[in-house]
């Protein structure tokens, strides 16, 4: 193993932290320097992530790029890093979205220093969660990702006022943070319970997983702990009925935060269900999989139907995220190798797709100062690239073949039909509703003749173009050549499911 | 009988330091009078730093006890003495500006801080009920006077009256408890109290009254009612001192008392302490939600934190003793950082209501950042100390089978995030009204800023790499190991 | 033949180049697109020759695309005569339509200095979408597995959406595009469910393997029927059959060449292709077979009647398309594989030609489509007129034009393979289809000039050429049914297991078919005279019926009602429920309640010294009792 | 006369003192209540010390300390009361409710 | 005989205590306190703790009572100016009775368990030696406590004076009364 290969994972965690420190030391006045540093850090993260993804040897499987540093012996906590197939894909996702978000973030004018510092903390948390193989650090980074959210939304966000109700950014920020932390409380209890019950004296996930295999976590125990973990992580994945923080939060957040949050942070939840729920509590997962499956199906339909009634672009996308994360939950609930693979791929797919959505909505909002789909019209004539890419994202969202969403969703559906055909059928019907709201939105906003007031809108600038391109490429590549991604996922999924004995 | 007084060198030095501060302050030449506050603070800080050095140098291999287990100078005591000295240094340091601006008796102030540190150190060393009582009184008296030193506004008078009278009542209750324990065993040394089969009504009542008295010092519900009033009325650095020094010292005493004197009865008192912990956490955190004054809010917050510690005490074991000590260390950094900023804002901008903090982030980004970090740490978020210390604490409690208590604790921790975020929101989101002090740039004194930096660094250091500290604490609690071990 | 996968590659490349770099290409790259599709057309012939030389196959060339768990998904090809026929049809019509579009897409463009005739500003995008469509359609017919088929199936739908909505400044076009996509998507739900269900039971997407399992009875009959019906739902949507036909008339908002290619000759036939491809599945289930036949017959009759009532030239053609697609399903339901696929080809050619003719008319009349505002066009536009008349006769079933032969096959199949009721219905449909064709022809092309029709003139060679070529094909293509040079289409397009069969003139049904067609034509010619008095009289007599036809059996308002009052209302309801109950009560509620508790609870710190002392004392007592009694 | 007598005496004194603390409004009277409670403690301590098989001095020593510290406490507390009186104009502990909630 | 003496001592102390907590006149209360202290001193004598009785008389009877009387003089505006008892005194009474009940029942239940039947005294010499040898450190610490008390009494006693209230450094921050929340946006 080369030097870089040995240290790539920790570098990915340290890089944003270091960036934050460097930015803190820079004078707040040097805006372009700050932006430069922020973007450069994003690019480095993307490079590192790509490297980690490529370096993962799918033939060997298991956890790779493993490092262990002693941290706190008393509790059996070590700083353990490593990725399995699913983690490698998530690292790649994080790299892509981080890169795009750090570019988009350069559009913020107020206090870019603080903004980038907080953004980088968020990124550090996300990377950390995906590469930690120590349960403590998993949780540590999971919480770290939440820390900056409040300020990012409350300071740089935007409030929405509708005729029938309004959502201030402060409210959205508070709700988001409190709900996620409330969920993490459940996770916390679950983690401690697992640690104590396993009597392993360590937070090493591999060791705890072994304990679960050895039957030291008995079935009754798993049966009551699993729901804690499921709801706790599920909330971050937008699990119904605990999803309400998500649309409001995404709408209020500034663009780059929405990108990271919907694109990556929500994946932490699903990833948590895989890592903790499925790997450490296989019996519990087995018992509760149907519930997860059903909730996922509800998510799909409920999110899609809710999105139908929205007029605010970001709300539509917010609810569509709820709907799309439903496929992930469904897929996990199948406990079928095809379904779980699909769920994992959907995590990636939804991540880039929704980040692309938010990039474009942000671009439109910054120019037109509205997100109301009833007011916007004919943008295709004014912002050709933005419109085209938005439609592309929309098509990916409604599961059009050739784009990433399709492969993932089809795998989820096939997995679903291999286990619970009725739920699978309902999920597919939900996908049809997606087409309705996406096409309605596209029709209203992008087609038709633009009003005079939109004459001044100009198309994406180079920066936004690069950001969007970096997100479009994975959407298309995964849609057309999913094989490399699925091959990396295969050993990870197999290992996860092996414990469940399904 | 061991009477090696050299073991008490730090204590003697501290007493001397206190007198020196007093004397220098009184004997200050006229030309220096306007720098009285700085001189006193400097002597106190430097003096305590020297004592800290002496403590560390002499402490490691001087484990032992004096006078038939009256006082212990083991590593456990050493750990806490270092913590207290650090706290004392920080409080004296942060008071430099506050005392100069708002007080007339800098010499007395800093001397009392030193004496409070001495009292706290004795509490951590005490292995016997009477010594413990006198140490408590030394600390309490110093705090009474410090609270009363507040400039002559009505709140200060009210605070000190309530504090002194209630303190006296609680002392009486505690003493009655001590008398009953003494009556039941004929002993006052902790280690002699541990007689199997002696869990009978009279000593139970004595134990209860003793715990009630200590609970008062700890601000455990329902003995906590003085806390918000005193926190609000006291000079802010004194509030910091109460919240950190007094609490940690009492916890140290309780740990030693329970470990050496009551471990065999753990099954009996665990439930009661757990109930106390639940009450303390929930009442503290719920009441804090509706506060409008930052100091009051921090008062209730400290009640909640005590509740967390009580979780650990209920589940007392070597692991949870470690965790409690770690938590206290992290809490010291965190809370002192918070109070440094609160004190600074009070001095510089005259603000202590939450709404009054509006615009602080724009006015002084550094102060706002430090306070935010401290509040996030209190809320138990990473990368700050609060996260790992709480994690360790709750894990230790769960290992003793108190998972239900841990569940309530994390719930309280969740609620606490709400009110910490209220302050954060005021600082970062709300805008200062034009013309108010925070509408323009607020300049920090470099002295306070340096302290804030140091405390912030400590808060983060404990949060990201607690290993060495934890190892040190582990070695310290080994002193109690024979008593805590299973 | 193993290289057949290269055929879709040409237009795919064209699409990618045009989509990304069209602004750097001259004429926005339209020549590239035409060249690509021409290349595809040429490349399709070797496949045919291979097949003629090697036998009909089917030839299966599996290739892996990706795999997940135990499932492997391929991009292989399955080449059988039907595929070859479709390849040729698709590429041929594509070439012609793209060439035709060169002329059609030149129209008045508003520029900075007034308007002038020029290429549409988005011509490059138009050709890009066309290329993508062609590529997808070719993939669809080549696909060896259901997933790849579905991929292509969705992509052709997408292209349909993009091209219907090509003039997206027009609200009607946008609406129509959306409607087309969503309506077909409803069917696709069934299709995808069907595929998933099938795969869940067989473990493979491969079509041949699946059919084999069906034929070996490895699937329970219930599942077989269910899968067949679900897959048929997709076909119903795509082929605009009852009850999902509502999008097809609206889709006429798109450019007419698009209608010719997508909504007449190729994409809409994908449904027929699908059922034909999977016919063994339907033959394994009587219920599914009869459902297919019933839907086909109902659609055939409905399409015909609606065509009779429509006044928009393109819509008449659209309803006609629906009707004829219905005939194909009817034939499939009757087991007439050859009949259906043959009709698919003949209809494709004729209907494409008719659309091109209609486009020619529209181009001449500044996008006028109402036949009542036309008249006498045959004289002004002889080529177009000739073409249209020939097309009309062909579709009516007049020998020896294209559709006559295939219709006759269908008639034979229905007569032999289904309940006589179907036969009666089909005979009626034959009359009706002749009737409406006569009507359109008579009103638009004969009689006196109305409105602008007087100034109509033929367009340039790019439009006339393809039209003429298709007309020739319309006249000649049916003759391949006869054993001329080879054994006739029946020896080529036959369902495996049923064996090849030559065209046989049925002594009973051929005369009946011809007679009915001529009767319909005559009746139409007589009924729709200049003054339309006879029709008006009929219309007043059967007002309700006429209105039903005109209003398209009220399915549009019904669906609109369902969308507005059920789907969107549910959306609004759920949205409010989500906000008020799930969020405000369910999620905020505990928070607000906690805060309320906190606000009340803070009063326990009363400020009274006595209370503080009391708490200490009471607490001490309580603690003592707790410890005492707990011990 | 047994230990029990003294214990009961101490309990009575303690309770009465407590009542004084809780029921009295004048800060000085509250303080007197505290003194009663402390005296109760002393009675207890001395009695326990006296009724032992092997006499030990601890009880009395503690009592001496308590008396001493109680005296100091009285001094300090009365200074506080004086200050309260100056700032509030009375020594009524019920009247000081500037801070609550 | 001894019992009679005990009864007298108990009566003195309890009676004094009742006086302390019941009478309205604060000066009378101080006098009752003195009586109670005397009773306690008597009890000490009965317990062979003569030295302690002496200390009790000197410190309480002399110093404490005097200081209290001074304080009363300084803080009194008129003898009956205020209601001496809290309005919620019944609750206080209840709690006090509760405490008594608790302590008494605990004592009764365990009477004789921890003690010998006979009391015995400790020589003054022994007491002194113990105090200054065994308890030297607490003794020294206690002296520090006394130091604080002295310093504190001086500083706090001065703190409330008029010139101190009108401090030179600007007005203190306006205290917003909690509970009303007026002037404070939450």
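Each chain carries a letter (A, B, C, D and E) given by its place in the written order, and its residues are counted from 1.
Here is the rule we use: contacts are C-beta pairs under 8 Å (C-beta built on N, C-alpha and C of every residue); 3 or more make two chains touch, one makes a residue touch a chain.
The structure presented is a predicted model; accordingly, all values stated were derived computationally and were not measured.
S.K.: What chains, if any, are shared contacts of chain A and chain B?
M.R.: A chain counts here if it touches both chain A and chain B, which gives C.
S.K.: By C-alpha centroids, what is the most central chain here?
M.R.: Smallest centre-to-centre distance to the global C-alpha mean: chain A.
S.K.: Counting C-beta pairs in contact, pick out the pair of chains that comes out on top.
M.R.: Top of the contact-pair ranking: D-E.
S.K.: Go ahead and note the Å separation of the Cα centroids belonging to chain A and chain D.
M.R.: Chain centres of chain A and chain D, defined by C-alpha means, are spaced 64 Å apart.
S.K.: Where the centres are mean C-alpha positions, what is the separation of chain B from chain E, in Å?
M.R.: 28
S.K.: Averaging over Cα atoms per chain, report the distance between chain B and chain C in Å.
M.R.: 77
S.K.: Please set out, as single numbers or ranges, the residues of chain B touching at least two other chains.
M.R.: Those would be 130, 134, 137, 141, 144-145, 148, 152-153, 155, 157, 160-162, 165, 169, 173, 176, 180, 183, 186, 201, 204-205, 228-229, 290-291, 296, 418.
S.K.: Specify, in ascending order, the residues of chain E that touch 2 or more different other chains.
M.R.: In chain E, residues 86, 88, 91-92, 95-96, 99, 102-103, 106-107, 114-115, 134-135, 138, 142, 145, 148-149, 152, 156, 159-161, 165, 175, 178-179 touch at least two other chains, as defined above.
S.K.: Specify, in ascending order, the residues of chain A that touch 2 or more different other chains.
M.R.: In chain A, the residues touching two or more other chains are 178.
S.K.: Who touches whom among the chains?
M.R.: Pairs of chains that touch one another: A-B, A-C, B-C, B-D, B-E, C-D, C-E, D-E.
S.K.: Which of the residues in chain D end up touching chain B in this complex?
M.R.: For this pair, the touching residues of chain D are 7, 10, 14, 17-18, 21, 27, 30-31, 34, 37-38, 40-41, 44-45, 47-48, 52, 56, 58-59, 61-62, 65-66, 69, 72-73, 76-77, 79-81, 83-84, 86-88, 93, 96, 98-101.
S.K.: For chain C, which residues are in contact with chain B within the complex?
M.R.: Where chain C meets chain B, its residues are 591, 594-595, 597-599, 601-602, 604-605, 607, 609, 611-613, 615-620, 622-624, 626-628, 630-631.
S.K.: Across the complex, what residues on chain E touch chain C?
M.R.: Going by the criterion above, the answer is residues 86, 88, 91-92, 95-96, 98-99, 102, 106, 178-179.
S.K.: Quick check: in the complex, which residue numbers of chain A touch chain B?
M.R.: Listed in rising order, the residues of chain A that touch chain B are 28, 70-75, 114, 125, 136, 139-141, 143-144, 146-147, 150-151, 154-155, 170, 174, 177-178, 181-182, 185, 188-189, 192-193, 195-196.
S.K.: In the complex of these two chains, what residues of chain E are touching chain D?
M.R.: Interface residues on the chain E side: 2-3, 6, 9-10, 13-14, 17-18, 20-21, 26, 29-30, 33, 36-37, 40, 43-44, 46-49, 51-52, 55-56, 59-60, 63-64, 67-68, 70-72, 74-77, 82-86, 88-89, 91-93, 95-97, 99-100, 103-104, 107-108, 111-112, 114-122, 126-127, 130-131, 134-135, 138-139, 142, 145-146, 148-150, 152-154, 156-157, 159-162, 165, 175, 177-179.
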